[in-house]
Amino acid sequence: MSDYKITFLIQCHDSKGIISKVTTFFYEEGFNILSCQQFTDNIQEAYFMRVSLDAKDLTYSREELKSRFAKVAHSLSLKWRVHFTEDKENVVVLASKTTHCLFDILEKHGEGKLHCHIPLIIANHESIKYVADQFGIPFHYLPITGENWRERQGVILKLLVEHHVDLIVMARFMRILSSDFINHYQEKIINIHHAFLPAFQGANPYKRAYERGVKMIGATAHYATDDLDEGPIIEQDVERVSHASTPSSLAQIGSDIERKVLSKAVKYHLDHRIIVTGNRTIVFPETED
Amino acid sequence: MSDYKITFLIQCHDSKGIISKVTTFFYEEGFNILSCQQFTDNIQEAYFMRVSLDAKDLTYSREELKSRFAKVAHSLSLKWRVHFTEDKENVVVLASKTTHCLFDILEKHGEGKLHCHIPLIIANHESIKYVADQFGIPFHYLPITGENWRERQGVILKLLVEHHVDLIVMARFMRILSSDFINHYQEKIINIHHAFLPAFQGANPYKRAYERGVKMIGATAHYATDDLDEGPIIEQDVERVSHASTPSSLAQIGSDIERKVLSKAVKYHLDHRIIVTGNRTIVFPETED
Amino acid sequence: MSDYKITFLIQCHDSKGIISKVTTFFYEEGFNILSCQQFTDNIQEAYFMRVSLDAKDLTYSREELKSRFAKVAHSLSLKWRVHFTEDKENVVVLASKTTHCLFDILEKHGEGKLHCHIPLIIANHESIKYVADQFGIPFHYLPITGENWRERQGVILKLLVEHHVDLIVMARFMRILSSDFINHYQEKIINIHHAFLPAFQGANPYKRAYERGVKMIGATAHYATDDLDEGPIIEQDVERVSHASTPSSLAQIGSDIERKVLSKAVKYHLDHRIIVTGNRTIVFPETED
Amino acid sequence: MSDYKITFLIQCHDSKGIISKVTTFFYEEGFNILSCQQFTDNIQEAYFMRVSLDAKDLTYSREELKSRFAKVAHSLSLKWRVHFTEDKENVVVLASKTTHCLFDILEKHGEGKLHCHIPLIIANHESIKYVADQFGIPFHYLPITGENWRERQGVILKLLVEHHVDLIVMARFMRILSSDFINHYQEKIINIHHAFLPAFQGANPYKRAYERGVKMIGATAHYATDDLDEGPIIEQDVERVSHASTPSSLAQIGSDIERKVLSKAVKYHLDHRIIVTGNRTIVFPETED
């Protein structure tokens, strides 16, 4: 087994024979299937598939593979995409004042646990520049006000294009992106919300969690969409709290959940484990492929 | 140590010397303090205390104890109540069609884990009578429609009074009690909501959890108040789910969370571990008192 | 989709083309694959598969299906078995003095959540007969001493054979079965150990957990083997405890974990989600097949 | 309320009147009690107490406070110690090759979440120096072999004395300290073991967890004692895994548990929440004092 893999993500209307035809194609092309995961959504009558292949079995060009698979896909009406592990995605992190999520991403990236390049960190608070400096990653400081926010988004978009960005991670970036911006990067912006959605959408979730007297708090990583905090959920987790927790201690406890949840979501995305369907995500479990 | 305990629940404005004065009172009256738990709410500037005493140290009457403590309480402006374990509370369970919560309460009661009498089960579905029969508990079937619901609540109230009921447990009872009813039993009605409140208040939480694509589901036990699903939360818990979960499998997974959460909340109430303050609960952790 | 399913569990040495050939067989035989789950163990170079089919697509006899699949299996060197949901397994529960696990199994069975018959409960304490009576299940009381235990196992074996038992559930049955007994029912005896194995194997785990001062306790459901508490683990779970927990409160907290873990393991077994390999289990996640 | 607190940790044989006498002392000395936590161990007949005071109420010298309290303590046979938040503890981190625990400690320290100084990091692998450099903390590289390990411990001891070290954190430091070393720092060395103790004591826990086929893995922070991995447990946590996890993926999943558990244990220690009794720890829950 080589270190390089080829990952297909496939979705279609559920019907007989798809798995047989798809796996037979890969078999006949000479591939060893490292893992083949499927999910049949009986409610939507939809079928989802993630196939991971050993890249060393590819005896011709990538373009040729795509072209050959496209024929099968066409005959079966598949919606599909393919990823090659040699192609590391470019990830830009947007941050504000808090550093815990940013640290976790940079650390895991530094330890080789997140398969990507991070060409740039953009933040609207200069106070966190030291984190970028620590990890030797370029830092772009962008002061933002209510007035200049529209214009600043143009600057960010330009930076993203310049850096050929594939994924934007909002690591507790406390600004709401415009619809225009989001539409440029559909299913390519991951946000962390510091609450167990759909509880406490919007601002100040820890304060509201305190006031509501909840006994657990959580965090939610989701793809950003037009509707604030309404995008497809990728990962969530919670921690037990008590009456003794204040809004500020909730924020402390929450910070460890946020970082864990966001890093997991980013990893699932980079490992091509996620298919979005409607407002839900299929997240294929981690395997050793 | 005898099996019998005396439990004081105390709240007041926070000020110097309260713990000293209260504990000195019990000491001077000859009591061994089995456990003394406190919580200072710095935001509300409020002080909460639970003191558990060995009942064998009581050398005079209960009334005398109350009267003596009342003097201390008055001088310190304490709000307080006292419970004697000899006095088992009377608990009536309201149920509808599902049996998992009802079973758990009856089982734990049968095993001696819930310190109470259960003189009656009331349900609007006769199909679950067999559960009451199994445990030899009187069952009152009360068919309910939209039209007769107001009148039926009168019947229930009458039954509750007849049975000197101290606590009402809504074990997935799918009807909304009127304000009048609830006001008769403030902080004496525990409801289980089949979602992680404040997410998915109201009807069909599992269906809505499915549609929202959450990655964990939960359940919440709370005191019933006028505002549906808005009462003080006693206990919550969650379980991980995935895209593969349908509304019906969520309901299955959820049923194990519901029963656990409801039984815990009922136990906390019966062990006099809960003080309600505003819309929040102080739940003193379990101890070996 | 009918209510009836056909489930194949397959294992073999990992090699190219297996999934293609197996799924093509089912496709060509006219089956709709409800779910197809796989796992490749790269360390053992082994391949595992669970295929669930819609039974209404079976247009010929079960024997014919087995015979046709046997040919494919032979050509691919598959080890396999097939289950038809019409065939409910016969499950006998062995219990001693505590009732929580027994209750959970009987309740879930009563609610239709465990797909099996329960023809008999065998216990060495008559005090729990009332539970069997509640659920209307025959109860066999078998007083056991150190001296008669060998002979008693013979009696149990005879009862199991009489009732055509497919699965034996040890619901906190506090006796150690002989190797002879266990060898009669390999991968057909599920035991619950009241600790997070391999911690606290053997007797008195809660007492030892207390003495060791652990901050979480757990329970483990596993297939019984010759080596006490060493069999393949099916399911585990834990709960947080504290210094305030005594051996008896640990046992109380633990009882809720035990019942949950044991019932899950039994359900996985009855839903044919488990393949044992060496001393490990593959447990295919729950799906809506 | 000032930012400074005075924390008393007290233990004694359980007897009537202790809480009354201790709290009355603080009240009469003019202190506002920020929090008062107690635990009565009925099995050991021992009593434990943590009292947190507002330092601004201290109207005389620290020495005078100690001397006055010593009289009360003597009359009640209390074992006690007192901590002043102005006195930050000096913490040295020992590490080897992996960086996740080290990162978490340094980050939380940098964010002000760990109340201490970190004057030095000592490691037997130079490859992790960059982490110390990132955070601007002196790094001492100490190559260790089987032969020089005894001598190297002398060097470490000397460094610890030079830096007036109060707490040693073994952040996945893969060497076993000698009894001599440990006896110098009783209850002052916190180690993280990468398993849910007492499961998988000793070397290679993730490999052994894989072989045993456990369904959850964990980590344990404990005080180091003579008996390897047998010291008093401070904190534990677990995460669910599956048959699909290999030893290396277990190590990855485990790394997030380890860092969380170790940082929590260090925080509990630095906040003076821990009393060791026998081989167990009392960990008073976090409060807003």
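For clarity, chains are labelled A, B, C and D in written order, and residue numbers in each chain start from 1.
Convention: a contact is a pair of C-beta atoms (placed from the backbone, for glycine too) under 8 Å apart; a residue touches a chain by one contact, two chains touch by 3 or more.
Chains and their UniProt names: A, B, C, D = Formyltetrahydrofolate deformylase.
This is a predicted model, so every value here is computed, not measured.
K.L.:
Looking only at C-beta pairs that count as contacts, which pair of chains has more of them, C-D or A-C?
P.N.:
C-D
K.L.:
Using mean Cα positions as chain centres, tell me which chain lies farthest from chain C.
P.N.:
D
K.L.:
As a quick test, compute the distance in whole Å between the mean CA positions of chain A and chain C.
P.N.:
37
K.L.:
How far is the middle of chain C from the middle of chain D, if each middle is the mean of its Cα atoms, in Å?
P.N.:
Centre-to-centre distance between chain C and chain D: 41 Å.
K.L.:
Which residues does chain D have that touch at least 2 chains other than itself?
P.N.:
39, 42, 242, 244, 246, 285, 287-288
K.L.:
Within the complex, which stretch of chain C touches chain B?
P.N.:
99-100, 103, 107, 111, 113, 134-135, 242, 244, 246, 249, 252, 256, 260, 285-288
K.L.:
Going by the contact rule set out above, which residues of chain C touch chain A in the complex?
P.N.:
Spelled out, the residues of chain C in touch with chain A are 1, 16-17, 19-21, 23-24, 26-28, 30-40, 42, 240, 285, 287-289.
K.L.:
Show me the residue ranges of chain C that touch chain D in the complex, using the header's touch definition.
P.N.:
39, 41-43, 196-200, 211-216, 218, 232-238, 242-244, 246, 279-283
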